[in-house]
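The following pair of complexes shares a single chain, subunit A, combined with subunit B in the former and subunit C in the latter.
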Partner chain A sequence: MAKLRGRGYASVNYPTGMNLGGDPSQALIHATTTGTFVVSLSSVDLGQGIKTIAAQCAAETLGLPIENVLVDTADTDTGPHCMGTFASRGTHRVGNAVIMAAAEARGVMLEVAAEELEVDAADLETDGTGYIAVKGARDKRVHITDLALAAHFKHGRTISGRGIYLKEPSTPVPETGEMDPDSCQAHACTVAVVEVDDETGVVEVLELFNTYEVGRALNPAMATQQVEGGAWMGVSHALFETTEPYYPARDHGPRDFAGYLMPGPADLPVQHSLLLERPADNGPYGAKGIGEMTANAPIPAIANAIFDACGVRLTAMPFTPERVLRGLDALRTEEPC
Partner chain B sequence: MTYRLAPIDTGAFAAERDGGDLTVIGSVVRRSDARGHVTGRTEFFEDVAPPRLAHLKMHRSARHHARIRDVDATEALAVPGVLRVLTHADVPNNLYTVLKLIGVQPDDEPVLAVDKVRYLGEPICAVVAETEAAALEGAARVKVAYDDLPPVFDVEEALREGAPLVNEYQGQNHFVYEGHHCRRIRFGDVREAFARADHVFEWRYQSAPIEQAPVETTGCVVVPQADGRLRIHSDTQACFFTLDNTALILGTPFNKLRIVGGTVGGGFGGKVDVVVEPIACVAAMAVDRPVKFVYDRAEEMQVSSPRAAERIYIKDAVMGDGRITGRQVTLYVDAGAYARHTPYGTTKAAAHLPGPYSIPNVWADCHCVFTNRTPSSAMRGFGVTIADFALESQMDRIARALGMDPLQLRLLNAYRDGDLKAHRKVAKGTALVEVIQKAAELAGHELPETYRRMSSTSREGL
Partner chain C sequence: MPSQIVSLDVNGERREFIAAPGATLLACLRESLGLTAAKRGCAQGACGTCTVLVDGRPEAACLVAVETVAGSAIRTLEGVATGGDLDEVQSAFIDCFATQCGFCTPGMIMVAEALLDRDPDPSEADVIEAISGNVCRCTGYRPIVIAILEAARRRRERAVTR
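Our next item is the complex of A and B:
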């Protein structure tokens, strides 16, 4: 009886956005008199961080500090339409809509600042500190807090903007499947190291080496959380999860987390992750959707590592101890020693 | 504050990455809801507790496939605190399908079962009561008389002649794509590729349904407003999608409804079906009180739609040097009893084939199949995740059969900028070559110089 170690490989790509497009999202943005910009959406934050990404896109485009941006979502009475949070579309669609809205608002902001400073709007710049200043004469400047107040009470201007992103819908040709399904593709590669206990059939994932091409990591900490969390889900899918353990038989379906297992802290592999960036020309600051992709490559990488470790080719998910042991039994029957 | 940060590679695509003078993008900004989540101050839909809140629980099918002979709610109505027992007759437009909003037809699913149940756990009666306990007790006391029908659980059995018909609204046990029995990819000539191949490899892969397992289960609280509108606090992943579908089922103007959401305890695709809001709205209007309907964990796991089980056959034509010249894929996606999002997911699977490789001849038949099980629907990566399991297992087996390095086989076949995909879109922005090269580096897997010099932007080394 032994613990057998193996390595497995997998590489994948993943489409950004609702398949075939036709999934718009809108954003509205306006400055209150405090110099705070409110981004109105109806987009849903599932915990993945769309509120934070929307605020970052708005702040960057406006040229203002992130502290000057609030995100108000999701109320269908006040937020403009969003198709929803799914299909790795949130960052791409909502990010682009926010950038478009913020760019319009920035245009107005600079016009009002030009009036206030009695200069040409084209001569103004921002540096992320909250000031709008004359290029080359940085002491000639106005802070957004004062500018927003002046816009309302003195100039009678609303500093606001509207944004939308739509990938026009594509219709597949039924005979051939010709279609334009996606906005861009993200990429990932996993090398998994596993240990298979040939007595119990238990597979332990020891290490994952993961590379992800994400277009652009808009928030490197959140990108890290997303890829590591996604890889965890891949491990979980590979080794543990199903609502029908004897599919297609309907019996023995779990009804709680005592029967539906997922990896706990002790089951977590060491993760070595590396992000690559090849900006997408249609992505917000080049970003691609990466949420869904990150769970995918670990599954086949683990299957391939199990084969490498013990010679059992598992073609049915999940890779439970029962399946590993049945595979080992079959090997012994085929090759009696 | 310190954060775990995966390093960002600066070597690959250096010319395309603009360092720029960005101040916020590319920087770590603290997640806006992190503090609320870890201190327990974030408000989720269940934190809404209006006065006179009533509770809804379902009486569900105890059979996989059966005619409903009789539904008797007498005992349920006698439970103290039970306010109403709703049946299909109380739902204005009881028959629906969620993707009608993007043109998918037919309506194939009842909000509450009418004369037949098609899966174990299908909702039949909604019991509305003063307390959750009374609603549960009432739901347990509904009596349904069934005439059993033969069920079908296997996708290939379901497609055989003479198999029990699962869904009369669909008319056959598969979704129809513009007159075709499946979503097809036809690119080049796979038969020719098989005839000329040095090797032909054919294997089968199978997955089982997987639960989204969000921490927060699916649910909503509907609060009737003084002006006659309904305010729906929901953990939907798509507010307007839920609003539109709910209004269509209720037969009300869209602006009678207001969804308030946006802060959700995990979705993973499990909260894009519209399964709690419509009946909770019917209940709220019927009793003219706020109504809460939230799945318990057992409902979330056995009744709420999971990731579809898939069966995938892949047959590859391979040359002695490792080039894959043809790939034929037959995919069966188990939709369960109703369409939900599975016709969409099956098309997404077709678009993904043959994986991230340039293969000149590709043939795929992707079937969306109806069986007598819990309807499957959206889940993180659906259409792609299980296909990747099959495709990348296949790549490993080919490499072993040829005695090739598994990463070199992938690099040789990887799609590159300018390649025509099987769905006839020209690839751009590709980076499969580079993620493989970097993973090899990261894991200490040696690649020969010619493979290290390969690039997504050139044909060098091919």
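Our next item is the complex of A and C:
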């Protein structure tokens, strides 16, 4: 009896947004009297970080500090339309809508600054610290707080912008099947290193190597967290989770956290993650969606690693000790010693 | 059995409220006292997000009948920061990216507080054991383990310089 080590890999190509498109998201942006830019969205942040991404896109486009951006996702009844945070679409669709809205708002901001400074708007630039200044004459400048006050109370202007991103719906050509299925695809490869105990059938994932081509990682820390949290969920699907474990009747299945098997903090593989960046033409600053795909590649990679370790080819998840042992038994029957 | 007046020391302040028979500590904290940091997840002691400290021990508040802890000192996440200043565990959770959706975070921080109170220099295995009753579905646990070890380091450093 031994602990057998194996290594396997799997790759995934994953489309960003709804298949065949037709899924718009909107963003509205306006400056308050004191120069805070409120980005109104109906896109929900459930921890994936869309508020951070939206704030980054708005700040970058406006040319203002991120502290000047407030993202409001409070109310889907009154907010601008969002198709939803699913299909790995948030960063791509919402990010693009925010950039469009912020670009319009930036245009107005520069127009008002031009009036305020009595120069041409084309001669103005932002420096990312909150000032709008004349190119080549840095002393001639106005701070966004003063500018927003002047816009409201002196010029009667609203510094605002509208944005929407729609991947136009595509229908397959019946004769050829030709279509435009997605805006862009992210790619990933995971290598799993496992240890299989051929006496107990227990599989332990020792290491995961995750490589993700994400277009552009707008926030590398959050992207890495998504990759590794998603990989954990992949390990969980591969080895633990099922609502129909061993029992003949569905009635005996788990109904709650007490009976539903999940890996705990002691079941953690060591993860090594690498982000590759090949910006997508239609992505917000080149970004693609990597939400859902992060749970995908680890599962077949682990299955392949189990095969490499002990010769058992498993095709049904989760890869439980019982299934591994049955597979080992079958191998022994095939090849009697 | 009639409702009764229960008195608790909550985050250093004496609080009295009327509790229905069998009311849980969690329900009283959330509904009678308005302290909503401790969350109701599974309501059966399996997920850990309702964890508060009862006389320094981490307990699943959803399983504690409030009359059984009358007079005890309760510490909730609301009592961890000093004014606007986050403590070492809270700031390490931010710096180490140890939250995503945040639903498990109140419980994770409270078990970490209890751990560091009794052991200022825990091993990684100690941290893993301490949080093993708390479910997280986003992070894969690793950033949480790292954050708690980092919080311990910062707290020891602060103790030396003080």
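The rule is short, and it goes like this: the second predicted complex is superposed on the first by the 323 of 337 C-alpha atoms of A that agree within 3 Å, B and C clash if a C-alpha of one lies under 4 Å from a C-alpha of the other, contacts with A are read in each partner's own complex, and residues count from 1 in each chain.
Here is the rule we go by: a residue touches a chain if its C-beta (ideal position, glycine included) is under 8 Å from a C-beta of that chain, and two chains touch if they have at least 3 such contacts.
On a predicted model such as this, the values are computed, not experimentally measured, just so you know.
Peer 1: Tell me which partner A:T243 touches in the superposition: subunit B (first), subunit C (second), both or neither.
Peer 2: The answer is first: A:T243 touches subunit B but not subunit C.
Peer 1: With both complexes overlaid on chain A, does A:Q225 touch subunit B (first), subunit C (second), both or neither?
Peer 2: Both partners, subunit B and subunit C.
Peer 1: Quick check on the superposed pair: does A:L46 touch subunit B, subunit C, both, or neither? Answer first, second, both or neither.
Peer 2: Touch status of A:L46: both partners.
Peer 1: Tell me which partner touches more residues of subunit A in the superposed arrangement, subunit B or subunit C.
Peer 2: If we count touched residues of subunit A for both partners, the winner is B.
Peer 1: With the two complexes superposed on chain A, say which partner A:D256 touches: subunit B (first), subunit C (second), both, or neither.
Peer 2: both
Peer 1: One more residue to check, A:N296. First (subunit B), second (subunit C), both or neither?
Peer 2: first
Peer 1: Have a look at where A:G264 lands relative to subunit B and subunit C in the superposition and call it first, second, both or neither.
Peer 2: second
Peer 1: Quick one: classify A:M233 as touching subunit B (first), subunit C (second), both or neither.
Peer 2: In the superposition, A:M233 touches subunit B and subunit C alike.
Peer 1: Please write out, lowest number first, the residues of subunit A touched by both subunit B and subunit C across the two complexes.
Peer 2: Of subunit A, residues 46-47, 49, 221-222, 225, 228, 233, 256-257, 262 contact subunit B in one complex and subunit C in the other.
Peer 1: Would you mind writing out the residues of subunit A in touch with subunit C in their complex?
Peer 2: The contact residues of subunit A facing subunit C are 46-49, 221-222, 225, 228-229, 231-233, 256-258, 262, 264-266, 268, 271.
Peer 1: Using the touch definition up top, name the residues of subunit A that touch subunit B in the complex.
Peer 2: 7-15, 19-20, 22, 41-47, 49, 51-52, 55-57, 59-60, 63, 65-66, 71, 73-77, 79, 81-86, 127-128, 169, 172, 174-182, 184-185, 187-191, 209-213, 215-225, 227-228, 233, 237, 241-245, 247-250, 253-257, 260, 262, 272-281, 285-286, 291-293, 295-297, 299-301, 303-304, 307, 313, 315-318
Peer 1: Could you please specify the touching residues of subunit C with respect to subunit A in the complex?
Peer 2: 41-42, 44, 46-47, 97, 99-102, 127-129, 131-132, 135-145
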